[in-house]
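The structure under discussion is supplied below as structure tokens; questions concerning it will follow.
Order as written gives the chain letters A, B and C; numbering starts at 1 within each chain.
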């Protein structure tokens, strides 16, 4: 239960959860693009005001912040602050040989709370809802990291 | 073709591509420093206005945004939104035991398009060029992640 | 000395260093929350101005930047620019089968300089101090990445 190959069901569960999180993170980039096209602004680089086929009528206002775009950027930044550390902590946790059921709860529980966190942030729920959906994932990372340290020290 | 050691040519290809991407990401930090010294500004922290050997004539203007510095910061943020997910998706993809030639195309193709994306962003090409060089890398991550999920589910 | 399991002392050293860095990164999110509560502001989302149990007296000023909060955000961004690349470079470095003592110096040296970098940034030391504590970690990542490329190429 601690080998890093897909024949190990703990690793397979990790691989599925990790891949879903990677796809989620990549989707935020695409969603930012979709929003910028929909809004026709929220751009960041001065060269984005050049006249091109995709931007036939450039306007300096296109460089102003737009909350419909910035909301996705905030969600993406939140992903960057969380997902890479889940991805590494989860991989290391596999090497501790945890019980399959516990590992599945942690990995898939993380995925579910992050997708719900996205839904809450995307639909501009109050901070309390967002925090309640962010906290479990953060605690899952902490739990796995502590377990890895304990296992590496032979405790 | 699915072991995580350098005797496996698929893993060796991943290790080379991943290490180049890590070096590229680290280089952005150094490039930001080089630009800040060249510009003599683009700083972010209030304490950077203290008089020190490296900043003998502090000026509040040094904390204003400067596009020569901010361009590198935008490139670096784009790296943070992409590279960590390539690094994890690529590692997991190795465990699916892909054909060596396909894996090399995906790994090295990612590296090449990211380096070209950097060149385009750095030289302020129009958005269409940047997008054309960003998209293949994003699709490579998506393809690898889906393959990992399928392999983990035994499909 | 190159297997990715906790029976390999090089991997165990990596797992401990990596887990400490993950916990450090996660702690920045919690510290941001603590600071926002302490300051009663530094928020980023328009919906954070809704009246809720945790924010009984909303005020538009709560969305203005506050350096006590922004300092933690800058520290966290610095983590995002560095830690994911250490985490991946370190894992790949394990597969090169390095001498245990050298690997421990690199892994634990990285951890120590990053914690000191945090202390310097948090207490607003001058840029020279911050830079002196950031540079060794960056060079450790560069060294490990180059070693991985050399080992993968059979040099």
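The rule is short, and it goes like this: a contact is a pair of C-beta atoms (placed from the backbone, for glycine too) under 8 Å apart; a residue touches a chain by one contact, two chains touch by 3 or more.
Computed from a predicted structure; not experimentally measured.
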Query - Residue-number overlap at the subunit B/subunit C interface, same or different (half cut) - result: different
Query raised in the report: How many degrees of rotation carry the C-alpha atoms of subunit A onto those of subunit B, rounded to the nearest 5?
Result: 120
Query raised in the report: Counting in whole Å, what is the centre-to-centre distance of subunit B and subunit C, each centre being its mean C-alpha position?
Result: 17
Report summary line: By the touch definition above, subunit A meets two or more other chains at residues 4, 80, 84
**Report entry** subunit A-touching residues of subunit B, taken from the complex the two chains share
**Finding:** 2-4, 67, 71, 74, 80-82, 84-85, 88-89, 92, 95-96, 121, 124-128, 131, 138, 141-142, 145-146, 148-149, 151-153
Report task. Using the touch rule from the top, collect the residues of subunit A that touch subunit B in their complex. Result -> 4-6, 11-13, 15-16, 18-20, 22-23, 25-26, 28-30, 33, 43-48, 50, 52-55, 76, 80, 83-84, 87, 91
